[in-house]
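Take a look at this one; I'll ask things after.
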Amino acid sequence: MNDRTRGRAGGGCMTDQADGRPFLKVEGVSKSFGGVRALSEIELEVNRGEIRAIIGPNGAGKTTLINLISRVYPPDRGRITFAGRDITRVPTHRIASVGIGRTFQNVALFRGMTVLDNLMLGRHPLMRPGIFSSGIYWGLAQKKEVEHRARVEWIIDFLEITHIRKTLVAALPLGLQKRVELGRALAGEPTLLLLDEPMAGMNVEEKEDMVRFIFDINEELDKTIVLIEHDMGVVMDISQRVSALDFGVKIAEGTPDEVRANPAVIEAYLGTAAQQASR
Amino acid sequence: MLTLQNVEVIYSKVILVIKGLTLEVPEGGIVTLLGANGAGKSTTLKAIAGLLGAERGEITKGGIGFNGHRINDRTPAEIVKLGIALVPEGRQVFEHLTTEENLLAGAHTRRNLAEIRRDIDLVYQYFPPLAARRRIEAGYLSGGEQQMLAIGRALMSRPKLMLLDEPSLGLAPMLVQEIFDIIAQLNQEEKVTVLLVEQNAAMALTIARYGYILENGRIVLDGTAASLRDNEDVKEFYLGLSEVGRRSYRDVKHYRRRKRWLL
Amino acid sequence: PVADGQSKEPIRFGIMYDQTGPTSVWGVPIVAGARDYTRLVNKKGGINGHPIEWVEHEMGYKVPTAIEGYERFKAAKVVAFWAWGTPIIYALWERATTDKIPATTPGFGRADAADGERYRYVFPMAASYWSQAGAGVKFIMDQWKKEGKTGKPKIAFLYWDNPAGREPFPILEKLQKQEGFQFKSWAVPTPGLEMSAQVQDIVRRYRADWVITHIWSKAPAISIKEFKRLGFPMNRVVSFVWGAAEHDMIAAGWDVAEGYYGMQFAGVGADYPVHREIAQMYKEEGKTPPKEMFEISVGYNRGMLWVGVMIEAARLALDKYGWPLDGAKLQKGFEMIDGVRGLEGVAPQLKITPKDHEGGGYVQIFQTRGGKIVPATDWFHGYRDVVLEAVYATKEGKK
Amino acid sequence: MVNRECGVFFSTYAADMRLFPLPLTRWTMVGIAGLGFVVFPLVASDYFLNIANLVCIAAVGAIGLNLLVGYTGQISVGHGAFIAAGAYAGALVVTRAGLPFWIALPFGGLMAAVVGAFFGIPSLRIKGLYLAIATLAAQFIIEWLIIHIEWISGGAESTVTVPKAAIGPWVLDTLLEQYFLNLIVLSLAIVFAMNLVRSPIGRAFIAIRDRDVAAEVIGVNLFRYKLLAFAVSSFYAGVTGILYALYLGAANYEQFDIATSIDFLAMIIIGGLGSILGSVFGAFFITVLPMALRVAVDGAVTAALFLFPAANISHVVQSMTAVKLILFGGLIIVFLIVEPEGLNKLWRNIKDYFRVWPYSY
Amino acid sequence: MRFLLDELPFFLELLVSGLLIGMMYALVALGFVLIYKASQAINFAQGEFVMFGGFVVAASMRYHGLSLVLSLALGFGAMVVIGLLMERLVLRPLTGRGVIAIIMATIGLASILKGLLLLIWGPLSVNIPLPIREEPVEIFTLLVKLVAVVGAIISLVFLAGFSFLFLRSRLGIALRAVADNQTVAQLMGIDVRHYFALTWVTAGVVATIGGVMWGNMIGADVHTALIGLKVFPVVILGGLTSVPGAVLGGLIVGAVENLAAGYIDPFVGGGTKDFVPYILMILALMVRPYGFFGEQVIERV
């Protein structure tokens, strides 16, 4: 499977693999909130086509790291490069067009809209709406809208949410909301997907569905994925590499098996009764 | 101690969510309620705690009894006074109150300051990270800390029955273990009866003695924890076990994934 | 004549007022006065036997509601109507002109509407803000001389910061040049609840000899209190017409307001013949007259005057052009008014002409003394030449 | 407002995305338009035409405010000021430059949009009710500017007299002609707004309302769209202002005070936040309610005088007018309680009822 | 230099009277903050509360000849009843309906209170005589109004009281919990209705005191309600959720508007008093979006 992934990544359009640089690179990034040091001097390199898991105790700074990459906040210090481009100072609303999509730990869908509209919004960075053409909604504007709609319908189909296409998201159970959020991120045609606990609150069956989507997205849609997850079963099974944070510091990195065996990780995160992973 | 008799819950007068649910929690026990997303688990707990009103929901049929009182029509405040505490889904702490003030708010029904102080210290003993953050606004705590706080806060009312809605949601494995340990400990030492809603069925079925499985607003299966653990369907859908032990997530593609034809 | 008077067709007036909005203090006594006077006239046989009928409309000082009222008036075929409030007359005067329904705007609206040739269907029919400015200055200059002071007075002008409040400026500035007194102005912005800084400036820094105030609503009472609190003599303050009613004194406290001067375009008090007739009317009905008649006589009397002028115009029009009346005839009626019969003492020597719809611009200055508002001057007008020059100058000047 | 009927399927996305995808709703719309454009003008007296005019004019502004408050979630209490800005800008273009009304309409709208966008700048940093109060500043500042800058206000009266709208030699001076003008503008405003809210821009507005952080990460430029929302909303306000000026024959700021802003807020809340048609219903409700109350109160006065002939009529009238205020407030509250989602919800219920008529389910 | 010396007394006098007036604004703003804290809603009827409370006192004294103390008791009583009715008839049915509905309801309430006042007592303005001298006192050549001094002292007393209430007591924690999350507060056994009633009643009582002080300053009638407009810049500057903020905001607005009237008005043709505080408010908000002491919204994604 790894081979296949690598091969595909090599054929990508905006490849940076060629010059040997990592796809996403976080260098010496720090972030404090008031007195709280959420992240210090974090280094992270993610290769194109990878599925990377980030683990760590609650409050370790995982979400903060993703927030920094997706430019929800600026880092206090350090540099973030993505696809060969320094994105440390890119305005937040440009991050989607740079090619980064994400989901949120606490589902952040637009509750007053249908699933379809949420996904259409995901395509916002690919649209150039004009106020007059929008208000008149005729000709080109309509044609564009239909094109986007076709693409969104493809994603809806892909994620198997066709039956709830016109449902208000507020009325959906959490599991489906997470799936819709994933769809919204996909709709922006990102090359890197940041998923913050995409499987929290799901039962095994639902997790399996989600895993299946993640695999498909990674392999067949050729997206690089960084995900935060507390379910060690999932993390160990699907990721190629794992980075572990604790107290804002990276304490371990490597293959799932390496990280699972790392004493610091056991100490801080898995607990001595680390049978967790095998449940 | 707690009994639900054929309860039916409707939201906004039209959405029937709980369809005749019967359930019992014996004094001193730990009972777990499992079920898929949207099955109506949270709704059940809200119905018990009297919280449906705020969400335009109502109990249209059936009765909820607690120690012989019928509590269908009581206000949440009255229900708390009877000794029921709910730890709501998604760690809803009072963001602008400090950790300690959250705990004090939890003790609202009590008057004896000395006892309250003692219980606060007890909570800090159970959850040491909270002690270090007692003066910090709870909105700034990490997810795990907030979950601890929510449980601790519920303890402050000295409940006889604690309703826990997915306490392990979003917690690190070590903490999940800890929290379940603490729940078991509370059950044994403080004699708190527990009704636990969980997605982490493996964990829940280890500490619970009895379990119910809720689907689409109906109980589809119930039994002792041990019997549930052995049930084939439970194994497949809630525990993720195949005949040979734990099923790897990697395998999903082999038997569930459909081939996609991409152009 | 009572019996057959009732059998004749009625004459309808549109009466628009505010009893719930910002001018409600005035709405209540003015309507009470107007209503009582109308009833009295009807009781005495109406206008040549035609009873007067009201189409009334409370509009809370809101323009859309006021327009609704106007449409009601129109549908009810009124021959003339009261407008109420500056924004409202702006919204209505054009329609009134097109529909040929005379509108009265006593004591508000624009001063240059006195020019009857330009605003044919608008009748200010009482001293405009320009005339009030002229009268105020004249009063001060007279007092100054009377007290034997030398030099020129230092006059402060405290005004509401809106169009109506700023309206007197052209006249005041002109008079300052002409008379050479010192002059400075202070604005009170809406809602006019607080003016300590302005009063402090007038009293403590500018050290005015005389103050002219042109404020309304609660502001007059507040200004009285402020002047008092800073020790300024109250008998050096003279107010325009909307700041000198009993309710202002009640709000400030009569003793606090002792000495305060105020302008009136209708008489004050309940001692005129017409009041006795109204009291008699109530007595015959076995009722007591409304308390407004005595307590807020300023408003009550203005109400009588406002409707009295309309009645007088109708009477004149009916005499000259005969039944049926319409707006155009009534317009002519207004232009023939020379004194208001039946309201002797309450009304000034009003003389409306096709050129002068203001009717002479007369005011009388009253003073607060011993819990009462008593006359301090006779009816007079000040610097009429300056005012009229301004009225007719705007025609060429602006459009 | 467009409920999907079961049994109706669409073969193209374009068909599915039409404003009124169902034949039934399409015909309802045609019917309503027919009522508004043909039947009503034929039967209405001047009195009712006047009310209809006022409702149309207010509805334009209400739609605008709803775009900002209901769709974008930025509460504004400065709408009255933006209406005033538009009224003066339009009036000045007509009187100073002698341009026809159909230029003044968009021009005044644009000026108001600029002013509105300017006062929307704080929305970048300020949120929620803090922003609401910040917009109140617009009311005070614009009012001050209008009074104190003679070039705008045209002199001490701060009133600009505006000639009636005219198309060439044809002067729209009857209520009927003005009704058509106002109704056409309102119809355009409705269609434009309905299109806008289902366009990418409208979606961005709603996204900002629902979850601004997520919207930003997804690629919505918050600053740009918030300002745009303020601008569009104020454009509508400006058009309302000019329509008022044309209708009344003068632009006068005193009629656009804080109470106006609050009235407009009431319209959209009563009508239904986030609903275009709701705004129109709300405008109708808030415009007509005082008139209806007046009729009721007039009746009550007559009844009271009949029952208590000894009462002083002036006092009875005075009390009853006060009752009007109480009823106005009371009805608003009652309305909020019984129909929290506004008149629009009521309308939907009626529609749903008739859609399945004659079966009750 | 000489000019400055000449100017100084006047400047000081403006400043002092502005600060004192500012404290009186704070008195009105306190109740507003209270309601905002408890229900996250702007009370558009705050001015009407002040108007109504004050007028009940004024009317009792003038029309019924009652003593000040008795009248005050009546005023408090009336506002307690209104507060309770508000909770029972309006807030309770609106539970869980969002802030906007509550805001709109306060607009309705404002209209009702105005109507009630006009219905019962009519539009006449009534003076509230207080046993405080009208004549100014002179302190170091500065003229100071005694009413305003008393008003300022009352404000400070309430500031202290409320601060204690919110920070320390069981009641305070419960109130803040309700403000933070009503549903969860109920789960703690906190009777939300009870506390809503309490805040509205308290706000009403404070408003009555404000109404009496302002009634003495400017007379009591329907227009007293307009003082509510002044509250907005005051509470925003201080932060909607902060009791000390209300006082600080009051001081700033009071001082700034007085100085603007004294020093800016002459150059621009007047009337700046009302909008200068608003400009200041916006500028301040751009720097501190939640006012000086306002609670930051904690937004975690």
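Order of writing sets the labels: A, B, C, D and E. Residues in every chain begin at 1.
By our rule, a residue touches a chain if its C-beta (ideal position, glycine included) is under 8 Å from a C-beta of that chain, and two chains touch if they have at least 3 such contacts.
These numbers were taken from a predicted model, which means no experiment stands behind them.
> What is the touch distance from chain B to chain C, in steps?
Minimum number of steps from chain B to chain C: 2.
> Indicate the whole-number Å distance between the mean C-alpha point of chain C and the mean C-alpha point of chain E.
Averaging C-alpha atoms per chain gives centres 36 Å apart.
> Rounded to the nearest whole Å, what is the centre-to-centre distance of chain D and chain E, using the mean of the C-alpha atoms as each centre?
One centre to the other, that is 31 Å.
> Suppose each chain is reduced to the average of its Cα coordinates; what separation in Å results between chain A and chain B?
Distance between chain centres, rounded to whole Å: 29 Å.
> From the C-alpha centre of chain B to that of chain D, how far is it in Å?
Each chain reduced to its C-alpha mean, chain B and chain D end up 48 Å apart.
> Two-or-more-chain contact residues of chain C, please, as numbers and ranges.
As it turns out, chain C has residues touching two or more other chains at 19-20, 28, 161, 189-190.
> So which stretches of chain A touch two or more other chains?
72, 104-106, 108
> Can you pull out the residues of chain B that are in contact with at least two other chains?
140
> Please give all chain pairs that are in touch with each other.
Applying the touch criterion to every chain pair yields A-B, A-D, A-E, B-E, C-D, C-E, D-E.
> Show me the residue ranges of chain A that touch chain B in the complex, using the header's touch definition.
The contact residues of chain A facing chain B are 33-34, 36, 55-60, 105-106, 158, 172-176, 197, 200-209, 211-212, 215-216, 220-221, 230, 232-234, 237-238, 268-271, 273-274, 276-279.
> Which of the residues in chain D end up touching chain E in this complex?
Those in contact with chain E are residues 75, 122, 125-130, 132-134, 136-137, 140-141, 143-144, 147-148, 213-214, 258, 262, 265-266, 269-270, 273, 318-319, 321-333, 336-337, 340.
> Can you tell me which positions in chain A touch chain D when the two form their complex?
Where chain A meets chain D, its residues are 70-72, 91-97, 101-102, 104, 108-113, 117, 120-122, 124-125, 127, 129, 131, 134-137, 141-142, 145-146, 149-150, 153, 166, 184, 188.
> Can you list the residues on chain B that touch chain A in the complex?
Residue positions touching the partner: 34-38, 90, 140-145, 147, 166, 169-178, 199, 201-202, 236-240, 246, 248-250, 252-253, 256-257, 260, 262.
> Taking the touch rule as given, give the residues of chain D at its contact with chain C in the complex, in rising order.
Residue positions touching the partner: 45-47, 50-51, 54, 58, 143-144, 147, 153, 155-159, 161, 173, 248-250, 252, 254-255, 259, 287, 290-291, 294, 297, 310, 312-315, 317-318, 321-322, 324-325.
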